[in-house]
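In order of appearance the chains are A, B, C and D, and numbering begins at 1 in each one.
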Amino acid sequence: MSTFGHLFRVTTFGESHCASVGAIIDGCPPGLELSAEDIQIQLSRRRPGQSNLTTPRNEKDLVHLQSGLEHGVTLGTPIALLVKNEDQRPHDYSETDLYPRPSHADYTYLEKYGVKASSGGGRSSARETVGRVAAGAIAEKYLKIAYGIEIVAFVSSVGKIHLPSTATATNSDDDNDDAPDPLSPEFRKLLDTITREQVDSHPTRCPHPETAERMTKRIIRAKDAQDSIGGTVTCVIRNVPSGLGEPVFNKFEATLAHAMLSIPATKAFEIGSGFRGTEVPGSAHNDPFIQRPDGSLGTLTNWSGGIQGGITNGESIYFRIGFKSPATISQAQPTAQYDGTPGSLAARGRHDPCVVPRAVPIVEAMAALVVMDQLLIQNSRRAARELLPPITTLPPTMVLPKKQGKVEEKEGGSA
Amino acid sequence: MSTFGHLFRVTTFGESHCASVGAIIDGCPPGLELSAEDIQIQLSRRRPGQSNLTTPRNEKDLVHLQSGLEHGVTLGTPIALLVKNEDQRPHDYSETDLYPRPSHADYTYLEKYGVKASSGGGRSSARETVGRVAAGAIAEKYLKIAYGIEIVAFVSSVGKIHLPSTATATNSDDDNDDAPDPLSPEFRKLLDTITREQVDSHPTRCPHPETAERMTKRIIRAKDAQDSIGGTVTCVIRNVPSGLGEPVFNKFEATLAHAMLSIPATKAFEIGSGFRGTEVPGSAHNDPFIQRPDGSLGTLTNWSGGIQGGITNGESIYFRIGFKSPATISQAQPTAQYDGTPGSLAARGRHDPCVVPRAVPIVEAMAALVVMDQLLIQNSRRAARELLPPITTLPPTMVLPKKQGKVEEKEGGSA
Amino acid sequence: MSTFGHLFRVTTFGESHCASVGAIIDGCPPGLELSAEDIQIQLSRRRPGQSNLTTPRNEKDLVHLQSGLEHGVTLGTPIALLVKNEDQRPHDYSETDLYPRPSHADYTYLEKYGVKASSGGGRSSARETVGRVAAGAIAEKYLKIAYGIEIVAFVSSVGKIHLPSTATATNSDDDNDDAPDPLSPEFRKLLDTITREQVDSHPTRCPHPETAERMTKRIIRAKDAQDSIGGTVTCVIRNVPSGLGEPVFNKFEATLAHAMLSIPATKAFEIGSGFRGTEVPGSAHNDPFIQRPDGSLGTLTNWSGGIQGGITNGESIYFRIGFKSPATISQAQPTAQYDGTPGSLAARGRHDPCVVPRAVPIVEAMAALVVMDQLLIQNSRRAARELLPPITTLPPTMVLPKKQGKVEEKEGGSA
Amino acid sequence: MSTFGHLFRVTTFGESHCASVGAIIDGCPPGLELSAEDIQIQLSRRRPGQSNLTTPRNEKDLVHLQSGLEHGVTLGTPIALLVKNEDQRPHDYSETDLYPRPSHADYTYLEKYGVKASSGGGRSSARETVGRVAAGAIAEKYLKIAYGIEIVAFVSSVGKIHLPSTATATNSDDDNDDAPDPLSPEFRKLLDTITREQVDSHPTRCPHPETAERMTKRIIRAKDAQDSIGGTVTCVIRNVPSGLGEPVFNKFEATLAHAMLSIPATKAFEIGSGFRGTEVPGSAHNDPFIQRPDGSLGTLTNWSGGIQGGITNGESIYFRIGFKSPATISQAQPTAQYDGTPGSLAARGRHDPCVVPRAVPIVEAMAALVVMDQLLIQNSRRAARELLPPITTLPPTMVLPKKQGKVEEKEGGSA
């Protein structure tokens, strides 16, 4: 279905060749000051045609707000918004009339619906993510104001070129084939401090300049070869209150994985220590508790990625998503037609040789949607709990000593 | 929330120290012959105390069916079932009164609910998965009879010991640090043929005997050191019809990732080529279409893992899940009490040094729940589509030529 | 929330003073031929300014389709549509700055959201129903083509003037204070035969000309007195397959009641014999089974209104909805300001003296949404059931003899 | 489906002839003191065999709590509970092997599922409501403690015998064919003061002794005639905070209607003035605002039934539900067999001649579930709103002056 979330609900519409793409955002808190510009910033980071690393398909992607606002303030009612499809050129895709593009969605959409759009993959197009990014920008604005939550994603690999674990390292070899080590102090510091400005300072959106340069070359190489290349995006969410995540099926990381794997071209997800964490003994992997300066509990290390038992513990949440190489390439590929006839297909049309730079704001948007929805659900429970009298029948160690209000005490509240 | 699925809905209940654990399964097709034994098989594969590799906590885990059946046939109404908690020993956990166990859910559950169960992590206990496994066994029975669908999971790594990509390989070094290569013919053959009997022939549930032996030693080593170790489980789903998966937010792999990351102790998920696929150019990664012997389209390779554009294409679906090292270990760990006082905690109680062997039926269950639910949703669409007259206004290549009935023609139907 | 339905999901947006109102319809069967005109017909029956009985607020209410269609055929993807708010005049409502309008939503919206739209009641405006009517028109088109389902609503009372139970009766007294008797043969015949053309032949949308004339006078009387008057709408759904409705919480009539009471200004709902049925002994109220000419079972009478145990039985479904007198009236009313200061308020702006004539297409739309969604859910179960082998362990009387395919055999299928 | 609610979710299971009936309640606030006795009270008011007016089917209906509690305190995790089916006597129903009982669910269940339970109507049995009543009792306990909310239902008619509008009236005629007049001061006073003790002081659960006596005679008359009779139940909910109800599809009264029409044997629902309100001009029907002693706004009259624009306004919510005469009667009825053969059926088994006395706790339970769920949803919005800074861009009359905390200030909070 095209709806995500329970209390903060986003429903998107549109494919690449219809009149517009967009979304309805239902459940936005009332009283939030919001402008088209708040949304436009992220849409512009997502839009095609930003640099020579992305598709030349040029869309201005201006957002048109339809409802849910008056005098620049949200009413709490559904916010509908749309972005027109101006640069459509439907004929570019005529080649696909006979061939389902390999590893694209042409074949599966036809199998699913019995009909297909002229663009082939219909809603599997990256263009569908416009509605998500717009919705995520709204959620982010609220999270920032109300809780000081910060969400920053960046490119952590292109092909075999990985952001090094140590920010100061110079990798002389072309291919640095390991993901960043979450135990490294440099990597943890990067997660603690990275900003979107730093991310955007290079077109690849990799915050390590030397690696970014090598990534650029790798992408250009793919483009020149009429080929494509994949990569990974890492994302950190800072200042998330503890207690978010719904046992047992909507654990925080389960919902996050769901959100991320719903982005086109994704193949893998890991939270905190991820696959690497499976190789480390428990004695080394466990995050010991320590007292924070403010008296609350924190953890010394953060292999858990900010989540334990499916519930946030107040530490930074970080995760990594794998994006495959784009399926649409200009070089000829041997394959078969819909009717089984063998042949060769060379895609026309415009497409990205590597999607990860443009995927950054999409990852941020989906992360914001997850946090926002889980926050609203937990807020409801907390508010319900607060009205009950003190518990007298449980041993003291089984009861949280009047800290339930904590969520509201975050400094962002009065910003 | 404790409910998974839209049309095949599973709601679980219970923690490790209450009267029982179980589930309500709502939406099971009526007319399915079902016995307690169908369910018991998987519960017994999941239960503790199976070998010296698992926790000595001994539960017979007998299922008690409450409703939804008459004369051994499902009525289409909710099936409630429960398994009694017989071997509870609540006092084992008294140590946790002062200390939240590191990387366990004690702390986060208290933060979330303001109260906590005496067992600490409440619903984050692996005991909660009893209801899932029972529900999955019901779904599996239907999928097998109606579609011939087969779901087989197995252990693909313990610590740094990985199932080799080539089934015939003998790995002389102790640590084989690479995940199986999905391009290897041996690995693909393994996915095509592996059975539960083969998986269960060794207590580790790794289908490669030599590797299984090394895994056993690794687990014993962790146990002897009062420590724990993680691992990965790989799962294949065969004979899934094409067309399953709901664009855009409930793509098949997104829902699968959600399901898998909701299993306790999971940290990572990858479908098909996964993270490795991000490093391969599109020209090598794309799966060319070929005509299958029955005339339908298949793919030559299967980097996609049976899913393109979020929709199944009829090829085998395979994926891998990372499980961290269990947080509960007997050796003393420096950490802090709830009130921040530093100290040292050595867990008592009984626990698994490595969860992956027992995780195998849980993974299979969650996979079955995903397939079942997506199948019911797609069935509805297909049935609705079939009642419409032929489309006359679309070009022929945009319409599926009367193949919609395909789902029903699977051989399993008359079994 | 602003979403209705499970598999056929409608999400509406917009209030009376924003840029547009509209909806996203997700889950429409693919392959349906659909034009803007199919939708426009019902929007035009709903729109204001149709006669001197309705509000002079004049909106052309032209629908703009955004997505989900190509070459006039549905793709199975979300259909977004919108209707622009052209005739807004926000200043008409300035009076409400100090006063919450009595029995309107001004006060409760402010209590709920903490902010309110300048129009006062925001989404409680009848303008919100534009999206519902458009969505309902799409559902209706499918239901008509695939099943021959017909949905016809009509005005059955205005104030105390009721459609007589006997179509031939002439009511000499001004107020005929009884609802139509569902046992009367004339009423049952009316339900069996009434068409939208007949309903629309009089501006009040009451199919009994004499009564319609008296209703007109009653509405004019209310208008002249700067007052308003309520009424009831009766609706019949013909040719609904048996087996629709989900036990236990989504019984067909429960979902229907939900849908109808979500229409602005509704206060009451009854299905079949309704309140009157509570006064009749079971021996008279039960509907005896009879064999229909085609061999299937039907009922002799239809006090049940086509639903037994929450599930449709194949007979016509009929129900009645009560609409209160519109709250917005031009005469001065003593009331209090938001701050409690007593005073007097005379509404300005434009409004209907009686909503029931315009409510007719809204009732039809909501009825279509309920049938459509329940049909898709039941289709899924039926399709799943069909793939199972024959049941051998149940007594024959407990099994339906291979009739499951019945739903598809309806004559509409090949229309 | 068998689940009701969004944040307070109840899933029921069981039919009359299986091992047990029960429910899982997910989303109960943590920290609530709860005992089996809290639940048993309402189950005992629901259970059969209470008096000679109800079915002699005798079930002790003892509740067994399975999970979600420790030391008598809710953990916030799912509460599973069950009640054993002890007095089953399945053979009573053998008659139905050939005949579908008229106006019962035997036929429609078979049409829906293709199989049916030996009891015939499966989940349409009133026995299914055990789980609802238990769940409602939990919700009620919370609502009472946290908000002082009181829910009281009572029998307002049996057959044509109605509770008089004026509590002091003596109705000499046998049939008083009007529903209570919501405008009458006596009726409004009744709603303001009635208690469950008063309701239970007479076996019919009608709070007007003389009318209760006449109702008793009417029920005995039906019983003696091997027949049955219907009736209505009226319910009031007092002390509900303003602001509950979700525009536009989950308006408070829409959800309430849904809940009530999901109770077996219901045919009609009206809120506030109901059908009668459709006949009164707006000038008389509108509820003028007045300042309450505490400074807040209230309404002078309450035709609205506590809801305006789908949102509660803080006044008492009252509504009426129509229950048809029970379909199961002992006298012979001409009807047809499943195969169409005409014949005559006399039900055996045990059954109520009139369901309304036992329906009272079921209505209260469903009302509690609606309030609870809507409260949790609104709490979430309110909590989110509270963290935003003051709005500066809206005119003051469009913003609620810091009253959002009002919900928490209800006196029940510290009880």
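Basically, contacts are C-beta pairs under 8 Å (C-beta built on N, C-alpha and C of every residue); 3 or more make two chains touch, one makes a residue touch a chain.
Computed from a predicted model, the values in this text were never measured in an experiment.
**Student:** What's the chain with its C-alpha centre farthest out from chain D?
**Tutor:** With centres defined by C-alpha atoms, farthest from chain D sits A.
**Student:** Looking at chain A with chain B, do both copies bring the same residues to the contact (over half shared) or different ones?
**Tutor:** The interface is built from the same residue numbers on each side, given that over half of them are used by both copies.
**Student:** Any chance you could check whether B-D or C-D wins on number of contacting C-beta pairs?
**Tutor:** C-D
**Student:** Distance between chain A and chain D based on Cα centroids, please, to the nearest Å.
**Tutor:** Chain A and chain D have C-alpha centres separated by 44 Å.
**Student:** Could you work out how far the Cα centre of chain C sits from that of chain D, in whole Å?
**Tutor:** 24
**Student:** What whole-Å value do you get for the distance between chain B and chain D if each is reduced to the mean of its CA atoms?
**Tutor:** For chain B versus chain D, the centre distance works out to 40 Å.
**Student:** Mark out which residues of chain D touch at least two other chains, giving numbers and ranges.
**Tutor:** In chain D, the residues touching two or more other chains are 1-3, 12, 27, 30-31, 70, 73, 76-77, 112-118, 122-123, 247, 381-382, 385, 391, 394-395, 398-399.
**Student:** Which of the residues in chain A end up touching chain D in this complex?
**Tutor:** Residues 6-7, 27, 29-33, 70-73, 76-77, 142, 145-147, 247, 375-377, 379-389, 391, 393-395, 398-399, 408, 410, 412-415.
**Student:** In their complex, what parts of chain D are in touch with chain B?
**Tutor:** Against chain B, the touching part of chain D is residues 1-3, 9, 11-15, 17-22, 24, 26-27, 30-31, 64-70, 73-80, 82, 112-118, 122-123.
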